[in-house]
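Look for subunit A in each of the two complexes below; its partner is subunit B in the first and subunit C in the second.
Moving on, here comes the complex of A and B:
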């Protein structure tokens, strides 16, 4: 187990470093001169030079990169030039909302997917199972932001049941938070639940052929009870892998959904920085989002090892 | 090959045919001028004389906007998928054909690249290059390359372990000869299936980016843009969001169904697995 954690931890560190370098280089190579972007063509050469010095852009790339990464550990990423906020504090204050959206929708869609997928597998020979499959297929094709807009239109504006945007923090009011996050979470979970349903179905169909299901039936359980008691737990294990592959898409979906529902998370901050072409803010934000994906990935890999001893003990703990 | 086509393939092909059809038709004919504003006729409901699907908040004809938007989605999907195809398959083959240590490194690098969401790549690029259709296509391509490689690596390694590859190696064929002549033709089905799924994905990412305002800009028309522009009036005119969305979902569904149908048709093992 320790070996698995060490191996995954090393991969996490290497990936995080690679990610930070890619983000840094992309913005340096393609970004043009940040001072010119900020000041427009209007600034004098002296003023641009002064701004460059103020932002630390007159130093070598290596120095800039090291001071950026160092700042990340010290909690100092500098100031946003246009909006005058402290970048690190702003990220920290918005992280909770984005994590809530991502983690809750991941959990909800996984549970929904396992239930619907199991139902579909147990009814694979009749129309009800086929119907679940068709609904899942449709769900995957539906983009979260479109569902979000429809929910705003029908549930918020026409029915007036739930707010169409804005966020009440968990610490302020639990019901307020649930009310403000219910529609965004619904929008995010539909497509993801579709993905999990399809994988849970095929995973369950495999498990139903296993010997232990036959053994359980020989001991007098009905096929259905044997499948639910012994099958679901085993069929759920591969879903952890499917989950790790969905993390990137989930975080991307969260960025978009925050814009749809005007939620003050990392996504909205990123959009504002992209529109204002604030390379320094985008650099830090993009890296934090990548870091969230990588850390969640790491945690799910470790969970996978805990769930399945065969993975834990495998030599070098590689996953094929 | 069975004489009867599976339902998935038929439905998928029909949906894709409609999507490509309206996109191509917009090149020669649209009901109205795509950019013609008519504020007097703004927010006409569907079924209005002369505007089958109504007009948006600036009085532009919705049918026309959907047709021209389909063309843009088609261009973005074709260009970015085609651009990612060769480098992606190449990267996958190289990884599968490498020795253990370098294979592990390449494979991990692919996984890391995969973990970066396409939309995030696009946002970073948009900060650097500005928002445009080109930014969208570059970002989607950059994201599709590791996806394609990832899909190719597994099957390519399985083929590498087969007897006929062993025989080719024993008769003195080099690594590249084996990869191109023996492995590539055998992973064809996987690549074809994945191409179809990538098309679906490209349509969704393009729409999300232009909804966020970092994709195509007017006067180009894109589906995502239609949602962005209609969000303010979604309460009074929900069909402005509903109708283009349904068209988009059907196009995406078409490519997903085609991919699934092809997988079932081209890979018999998958079929038996699904049936049992």
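Moving on, here comes the complex of A and C:
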């Protein structure tokens, strides 16, 4: 297990480094002059030159890259020149929200999907199992932003049960955070839970044909008990892969949901930075989002190893 | 102890098994022999409700006087493991890949007792010792893929005997194992069966294995018992033409000492293969592939009963041993 974590951790570091270089180069290759954007057409060439020097844009790309990465470690990514905020502080203050949205909806929909998918597989011969499958497909088909709008109009506006937007950080109030995140999480999780349900169902149907289910029955378990006790964990293994594949879409989904529920997350910050043509902010944000995906990927790999001892052994070759 | 009468197992439109009668008495070992697709595994699994979920069973299977056909899954679950243990063909697939060995054996123990955790663990080690697994404490913490094939099968056996069942169903327990390991497993099964006075239903395609381990044998073809009786008598003096052909196709297997003798003599094979489920001929199901078939074989063959419980269903059996024609009357 330690070897697996070390190996996957090394892969994480290498990917992060490659990602940072790609992000850095892509923004340079796009061309355009940041100083011109900031000063507009009115600035004199001397003033533009001075601004470039101040931003460090007159240095070589290598120097710029190293100072950017160094700044990342020191917690200093400079100032946003249009909105005048500290980029690093701003990212850190928004990261909690976006991570909460992504992680909680991932975990919740995975658990829901496993429960519903197992139920559906165990009842695959009767109407109840089919009904679960239909609901899951419907959930996948409904776009999250529309669910979000419906929830706002019914639960917030008409019933007045929960706030329609805004975010209370976890550190301030736990119940406040839950109240402010409940609707966005619901909107974000429905489609994801549908995906997990369908995969869990088919994975469970495969597992039900495995011999070890029959072995558990031979020990004295009923089919249902054998399936739950020995099937669920094995059926969950392929779901980790599904979860990994859903990560990108999930973060893209948070951008939309943050907008619908006016939540101060990374997604909305990115939108504002792109429309405001703040190259430095976009560069740092893109990299942070890449990092988030890489870390989640890493965690999924670790989960893989925790679920399946064969993968642990294959990775570390620890067989005696 | 175990009686099967007029048992049929169907999957969809196909009748996989149709057994008129088969008996197993306490402490005896009965072999079920046949080619792939003869219905031997299906028959064995049907006894304790481990047949595929889509299979439909009619007829009667009684165990210690209790009718098993028609019981619900939870009623059968109470019998499984407790009174009837099962060993499977492929021990790697039969074990849960994500659960430690000790926990899997422990599950068997816990299902049949209300021991505390420490007592369960002690019983697990005890069982592992009984099936002659080395260093049981260490092995208990391993996962199935970390064991050898023979060790895995011993684990499966330990799970099956945890509650000292009266009957052990062994479904080709050595087929998936290396030849060198097979003997050890067979010896262990025979020893456990003697020690615990455990009856055994031993499913195999190998006549040599069956001769070695079982008292009686039933030869299956097309889901029907074509010949049954004492193992040595049937293998030495088969009456049914299918049994004869099966032995001819297994030189040396029927008698390990005969391998030398068999070298140099041409290997006979049974022409053709077991037909698809819907393609069996009328009357004797083997007649299309039989070298001795007669016109009458298109009719259902009679049951011939001989002394010692030997019976067969063949229109044109092998030559009668000296001592007289049919001992029992044709039905």
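Here is the rule we use: the second predicted complex is superposed on the first by the 313 of 320 C-alpha atoms of A that agree within 3 Å, B and C clash if a C-alpha of one lies under 4 Å from a C-alpha of the other, contacts with A are read in each partner's own complex, and residues count from 1 in each chain.
One rule holds for everything that comes next: a contact is a pair of C-beta atoms (placed from the backbone, for glycine too) under 8 Å apart; a residue touches a chain by one contact, two chains touch by 3 or more.
Please read all numbers here as calculations on a predicted model, not as lab measurements.
**Student:** Tell me which partner A:130 touches in the superposition: subunit B (first), subunit C (second), both or neither.
**Tutor:** Neither subunit B nor subunit C is touched by A:130.
**Student:** Go through the superposed model and pick first if A:75 touches only subunit B, second if only subunit C, both, or neither.
**Tutor:** The answer is neither, since A:75 touches no partner chain.
**Student:** For A:11, is the partner it touches subunit B (first), subunit C (second), both, or none of the two (neither)?
**Tutor:** Only subunit B is touched by A:11; subunit C is not.
**Student:** Who contacts more of subunit A, subunit B or subunit C?
**Tutor:** Counting residues of subunit A touched by each partner, the higher count goes to B.
**Student:** After lining up the shared chain so the two structures overlap, which partner does A:146 touch, if you call subunit B first and subunit C second: first, second, both or neither?
**Tutor:** In the superposition, A:146 touches subunit B alone.
**Student:** Going by the contact rule set out at the top, does A:218 touch subunit B (first), subunit C (second), both, or neither?
**Tutor:** Only subunit C is touched by A:218; subunit B is not.
**Student:** Answer with first, second, both or neither: which of subunit B and subunit C does A:138 touch in the superposed model?
**Tutor:** First partner only.
**Student:** Tell me the contact category for A:166 with respect to subunit B and subunit C: first, second, both or neither.
**Tutor:** A:166 contacts neither subunit B nor subunit C.
**Student:** Going by the contact definition given at the top, which residues of subunit A touch subunit B in one complex and subunit C in the other?
**Tutor:** After superposing on chain A, no subunit A residue contacts both subunit B and subunit C.
**Student:** Which of the residues in subunit B end up touching subunit A in this complex?
**Tutor:** 104, 108-109, 111-112, 114-120, 123-130, 154, 200, 204, 207-208, 211-214, 227, 230-231, 234-235, 238, 241-242, 245, 248-250, 252-253, 256-257, 260, 273-274, 276
**Student:** Under the definition above, what is the set of subunit C residues touching subunit A in their complex?
**Tutor:** By the definition above, subunit C touches subunit A via 48-50, 53, 73-74, 77-78, 80-82, 85-86, 88, 90, 93-99, 107-108, 111-112, 143, 145-146, 156, 159-160, 162-163.
**Student:** Touching residues of subunit A toward subunit C in the complex: what are they?
**Tutor:** Those residues of subunit A that touch subunit C are 210-212, 214-225, 229-230, 233-234, 237, 307-310, 313, 319.
**Student:** Which residues of subunit A touch subunit B in their complex?
**Tutor:** Residue list for subunit A touching subunit B: 11, 14-15, 18-19, 22-23, 26-27, 29-32, 137-138, 140-143, 145-146, 149-150, 152-154, 157-158, 202, 205-206, 209, 245, 247-249, 251-252, 255-256, 259-260, 270-271, 273-275, 277-279, 282, 286, 289-290, 293-294, 297, 318, 320.
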